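Notes for the one structure printed next.
When the chains are written out, they are named A, B, C, D, E and F in that same order, and each has its own residue count from 1.
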Amino acid sequence: MNADPHLSALIDLALAEDLGSGDVTTEALWPPGARGNARLVAREPLVVAGLDVAALVFARLDAACRLQRAVQDGARVQKGAVLARLRGPLRAMLEGERTALNFLRHLSGIASCTRRFVDALDGTGCVLLDTRKTTPGLRVLEKAAVRAGGGHNHRMGLFDGVLLKDNHITAAGSIAKAVRRVRTRIPPTLRVEVECATLAQVRAALRAKVDIIMLDNMSPDKMARAVEVIGGKARTEASGRLDLDTVRRAAQAGVDSVSVGALTHSAPSVDIAMDLDPA
Amino acid sequence: MNADPHLSALIDLALAEDLGSGDVTTEALWPPGARGNARLVAREPLVVAGLDVAALVFARLDAACRLQRAVQDGARVQKGAVLARLRGPLRAMLEGERTALNFLRHLSGIASCTRRFVDALDGTGCVLLDTRKTTPGLRVLEKAAVRAGGGHNHRMGLFDGVLLKDNHITAAGSIAKAVRRVRTRIPPTLRVEVECATLAQVRAALRAKVDIIMLDNMSPDKMARAVEVIGGKARTEASGRLDLDTVRRAAQAGVDSVSVGALTHSAPSVDIAMDLDPA
Amino acid sequence: MNADPHLSALIDLALAEDLGSGDVTTEALWPPGARGNARLVAREPLVVAGLDVAALVFARLDAACRLQRAVQDGARVQKGAVLARLRGPLRAMLEGERTALNFLRHLSGIASCTRRFVDALDGTGCVLLDTRKTTPGLRVLEKAAVRAGGGHNHRMGLFDGVLLKDNHITAAGSIAKAVRRVRTRIPPTLRVEVECATLAQVRAALRAKVDIIMLDNMSPDKMARAVEVIGGKARTEASGRLDLDTVRRAAQAGVDSVSVGALTHSAPSVDIAMDLDPA
Amino acid sequence: MNADPHLSALIDLALAEDLGSGDVTTEALWPPGARGNARLVAREPLVVAGLDVAALVFARLDAACRLQRAVQDGARVQKGAVLARLRGPLRAMLEGERTALNFLRHLSGIASCTRRFVDALDGTGCVLLDTRKTTPGLRVLEKAAVRAGGGHNHRMGLFDGVLLKDNHITAAGSIAKAVRRVRTRIPPTLRVEVECATLAQVRAALRAKVDIIMLDNMSPDKMARAVEVIGGKARTEASGRLDLDTVRRAAQAGVDSVSVGALTHSAPSVDIAMDLDPA
Amino acid sequence: MNADPHLSALIDLALAEDLGSGDVTTEALWPPGARGNARLVAREPLVVAGLDVAALVFARLDAACRLQRAVQDGARVQKGAVLARLRGPLRAMLEGERTALNFLRHLSGIASCTRRFVDALDGTGCVLLDTRKTTPGLRVLEKAAVRAGGGHNHRMGLFDGVLLKDNHITAAGSIAKAVRRVRTRIPPTLRVEVECATLAQVRAALRAKVDIIMLDNMSPDKMARAVEVIGGKARTEASGRLDLDTVRRAAQAGVDSVSVGALTHSAPSVDIAMDLDPA
Amino acid sequence: MNADPHLSALIDLALAEDLGSGDVTTEALWPPGARGNARLVAREPLVVAGLDVAALVFARLDAACRLQRAVQDGARVQKGAVLARLRGPLRAMLEGERTALNFLRHLSGIASCTRRFVDALDGTGCVLLDTRKTTPGLRVLEKAAVRAGGGHNHRMGLFDGVLLKDNHITAAGSIAKAVRRVRTRIPPTLRVEVECATLAQVRAALRAKVDIIMLDNMSPDKMARAVEVIGGKARTEASGRLDLDTVRRAAQAGVDSVSVGALTHSAPSVDIAMDLDPA
């Protein structure tokens, strides 16, 4: 597997906060050489995400730990489904259990939540996007979980896209000036998106030839009119605390995409456990 | 303020994933020397947590950023309340905005959720505990948010407490053997807790003179009988997917404490925004 | 100033390799409390870049070091010009001298080289771009030096732009397939560029509606025909070991931009020294 | 292979700046399990250096990458020569390509430049030395590249040698005083060198019994007289912006060694590419 | 083996301070591919500790190094005993020799010293505890060495136990107030210990229902009276610069445990060498 | 003050192992804003070393901590002497106390031990050297403590000096061959030392024109003869488990220097405490 330094650092932080100076319980109860097997099991219906991270957690503690997936990230599974089998040194397995499960449960929670939104958009042709409202330190993992749930990623951060908001436009003086200034600085590979709350702003954005227009907190009717005004001259994205109901109505207003922060900031954890095989 | 290396590392990871090679938008629109003021504002009623972390995020980007609290962690505030004022270099303020808010919204979400559980326990004398089911890398912050919400922390990790579960007891052969072995290894300052699902296990735990007995997934009636059997010879903790209803019934069964994983693994984010003052 | 962790880590590596277990000479000759003043002086005509980094190097050794710029990054200066004045603890100034100069000389070398290319393009309206052929670990600094020299940055890395080359197209089966597949994965804020060596490829790229077409290693004539074929339906970039002569001819062929790897991989260092003021 | 933490940190910085949040292109076009073969090929005549680093770059991304050298560092090769073969997971190969090449091209550029200077000194018995004018963070690699090109390393940093310059001598009051003071602080294993621009300084250095005398910026005639004055009582090193012509004349003046900063600060990159084998 | 990040970081620091920019002697005398065998040999009678760390030191330099233990940590061995055999690349073996031995000699020194104290307590039933007076950065290793010598660990740090001393009690106002306040903050799994120098303090501690009472710097007689006063209502620990004589008298006064800082802060190193097998 | 990254990393490790997830006791008893004063006091006669490190420990926890030295490193003080005064936030002072003291006591122990050896050499003109037998991770600090005690540093590591021992000579074939080979690799600023146990080896070393000869484990008589044979043609160093008695006899045999590993590997800690001023 291919572990980047950012992820390794996060895993180290996570293990450090749980293991600290050592797992005295495990050290007391199992000799260093003891080996075992375990299964990661879904305790409720869910969409899987994060198995790679779980594998890295155990491997970080002991390179002899082997996690074998029973399903792929993105699979919908029922209660009781085995997600993966783990074998290796028992000490490392028990020391990594909580951290690996905390990752898996959180990320599968995001994938499961995403899947519900994707299903709500079924047939509309509208793309579900995530946002930058992610848990600090876990963004890359959470955005992968969104993909596992069938969603699509918006920009990763401030470096791979431009989204001009009120503050930016006020500072520059107008949408046109903000767009012009930012284009002198960014690489030719980046598009410019502008957040618009009114039709007047939408028109100004079109005059500035922006690439993407975000329709922020508009009613479905207003959104439909905005889409009409835009007339394909820019891509469109609906935004603003959308839930499973409102997201579909936004899609039906004709936008290309909807973005939902709750996918990553408020998805509840799902229940996954590690069952040790009897010795 | 007093920033430990773990927290600094987490903040660096969080900033790195958002800023990457740089915030091209901000660099294009504000000169290096521009300064400004902003307010962190609650967009819904909530209990505050994480203002220290928000301050560290901005200070990491530019030591000249100053965050002045309007309220303390743990305060209940209404929609529209100003939580803190921020002044300093505008570039750092805008580059840190999303990361600081992501911390604040997540941690205040936990504090707000905790407060609801604490209120549900009002008058019972029963203590609300958190668990190790936290977001990887954020445990110390999340446990501080639980305290801000009026909860009490259980052990931080595997190093400051012993909790013997099925796997441990099976490996040792019996509760008595597990307790004995673990006591030869741990420092004299640590107590031993045992997870019990039946009254037979509770009795075995008492014979082994454990310090704390966790009553796991018991009905209120069974829990009440367990409390009676224990008779003050060990502390008691109720556990097992408790919600706002069931947590009060558990408390009324007479346990010393209840532990709720959802405080840290499933609390939804609350809405907090950063409003820039007009120049 | 605003130091990101990547840059701090690089500065630490650079100081570690020069200072190792300590600068025994400086420690022998100056007492800990000695203070002094120095000037950073151009020993040849050059365009300045890297003064911020030099300041960070000295500040890393001792926060009491103060570097005051006499000129801004991007300034053209003559031999003998003072670039900045430094004052602070003498030990830190002498321990940081070589590392700070190595940064300054290298980055000003890049800015000076870039300026020569920008001058060669004068009046053509064609933008000078850099590439990813940078010195490992120094990319952000080198790209800032390119901007100081009047150039424009291409994408920072593999994360903020797509450039499809032979390997990608072969793997996908065709330009059209490669473009389609990559668009399902990237955020809506990223554009897609394709490297084309023939007019047939240019036409295929246009049919795939790519955003940018790189004309790779084409003769000026062929390039002019490609520009004509493209007819404004995609942006254009000329590439391929361009020097001060050939870069102008490429521009005159009508491309929007030219990219030159040598700016960052082969610019010779310029001569800058640190002169200590007499005590 | 034997990777020290400094080099690992540099490689991580280099990969981070290129990969950032991920290579979206590669992820879109190749499945995780795809494997392949490639060759690292010289596109011009050159002297090889840095193959070890290239191997570490790929191994850092995926331990399953195997780089097999076709030649050793220090080999002179012609245009078209295969330097090494690489096989392993395609994703890691493509993600590491640019970083590995940037190292290889830069270091082989230094080795090739060094070789030209060594050839210019052929038959003189004079040793070619490098300096501390290296690219920040890359010193150990660049000094290894100098050795690959047939040069000899001067001190690595401020910790493994003493070189007294004007500033030091002024601070101490005289060459004699500077030498005396520094000898009370340094380990017995370090020699002391003094930079001399005049014959008077050479004589003072001899009286102070310094171990090495650097003849700085002297004409060949003056250098020859200095060598005569020294008469073997100290080693000698010629220094001062020497090029391929002047370096030979310095050697013929009888010095033991010449040091050339340009080897590491101004050697142009050489052209090396990674060719993917057809699937 | 299972290497935590803290230990890896310490090993990296230790190797860096010895190897710095490289072991020029070894590089000059052995080719990269040379392999060999060596033995780690006791040069005096001792109790072994630290073999795991020694193995990690060599493995850090080259994963091909294999250290095979001849004895386990905790073994008492005579002069001349082989502790482990090492084989692998000669360069890594020689580069790691001093660092590995420095660890082994220091930790075995602690184990040997601990064993002398444990023997002095033989038959008393009193437990020998270590303290937090350890060498900065090496605590976990030193506490493992204490266990190897037959001792028992006291708390690891400030996070896994409470020990109230003069400063704490003065700040809170009384033992009772300090105990009460600290109990509102700590997890239920932690015990509270109070340092007492007088019988009055012992009685106050008992009234506050503390879990452990430390008898600090008391004479054997006073200690015996304190034990009598306590009467089993709290655990007891004797403390205060105990040596091999006084430790036994403290034990005979009836305390449950004695703590000895000298185990970790003043144990002399023991002599262990690495003998290379003839080629 | 001037904190290098190595030292910062060590301090972070030391604080992490003591503070872990937090000092629950201090947090319970002092509010965040509480400030105080304290004195670092010698509890026995000693030579001071490490005050800078103690200051850095407190400053790492809170930049508002100020440590003001009452004496300089190297001072001999009596029991009861105040070494420094500390003021600042009480939480940071108490959280840093143990770590700061552990550094100070260990380093002052080394300085005190060194001073006893220096005194034993009084009047002989022989220099006292330390060795590489230091505590892993603490070498730079321990070598500074040796200087504080009046000793002189031998090489810092394998990078700033060559010391050829049996293994090296056997590998090369002879002293002459080893010296020749190593000289082709090392910078001109490094001297070569050879370890000799017999007069025959001493003569071979002289023929190879080594710079320094170590007389290893020789009796005073043999050492005197060796010094005579060497006759000033190389520097001399006596080595081999020297104690306060034997070190003076070695010096009287006429060697230039003696090296003593026990200075850094076996010096007992000295007693230093932190006394909090009454509020």
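Throughout what follows, a contact is a pair of C-beta atoms (placed from the backbone, for glycine too) under 8 Å apart; a residue touches a chain by one contact, two chains touch by 3 or more.
Everything quoted here is computed from the prediction, not taken from an experiment.
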| item | value |
| --- | --- |
| Mutual neighbours - chains that touch chain A and chain B alike | C, D, E, F |
| Interface composition of copies chain A and chain E: same or different, split at half | different |
| Most widely separated chain from chain D, with each centre as the mean of CA atoms | B |
| Comparison of B-C and C-D (more C-beta pairs in contact) | C-D |
| Cα superposition of chain C on its sequence copy chain E - rotation in ° rounded to nearest 5 | 180 |
| Approximate Å spacing (C-alpha centroids) for the pair chain A, chain D | 44 |
| Separation of mean Cα positions, chain C and chain A [Å, integer] | 33 |
| Distance from the mean Cα position of chain D to that of chain B, given in whole angstrom | 52 |
| Numbers and ranges of chain B residues touching at least 2 other chains | 6, 16-17, 19-22, 139-140, 156-157, 159-160, 162-163, 184, 187, 190 |
| Chain B contact footprint on chain E (complex, rising order) | 129, 152-156, 159-163, 184, 187-191, 193, 211-212, 235, 237, 256-257 |
| Of all residues in chain B, those that touch chain D in their complex | 17, 20-21 |
| Complex contacts: residues of chain D adjacent to chain A | 12, 15-16, 19-22, 61-62, 89, 91-92, 95 |
| Residues of chain C that touch chain B when the two form their complex | 1-2, 4-6, 139-140, 156-157, 159-160 |
| Touching residues (chain side chain F, partner chain E) in the complex | 6, 9-11, 13-14, 16-30, 94-95, 98-99, 101-103, 105-106, 109, 132-140, 156-160, 162-164, 167-168, 170-172, 178, 181-182, 184-187, 190, 262, 265-266, 268-269, 276, 278-279 |
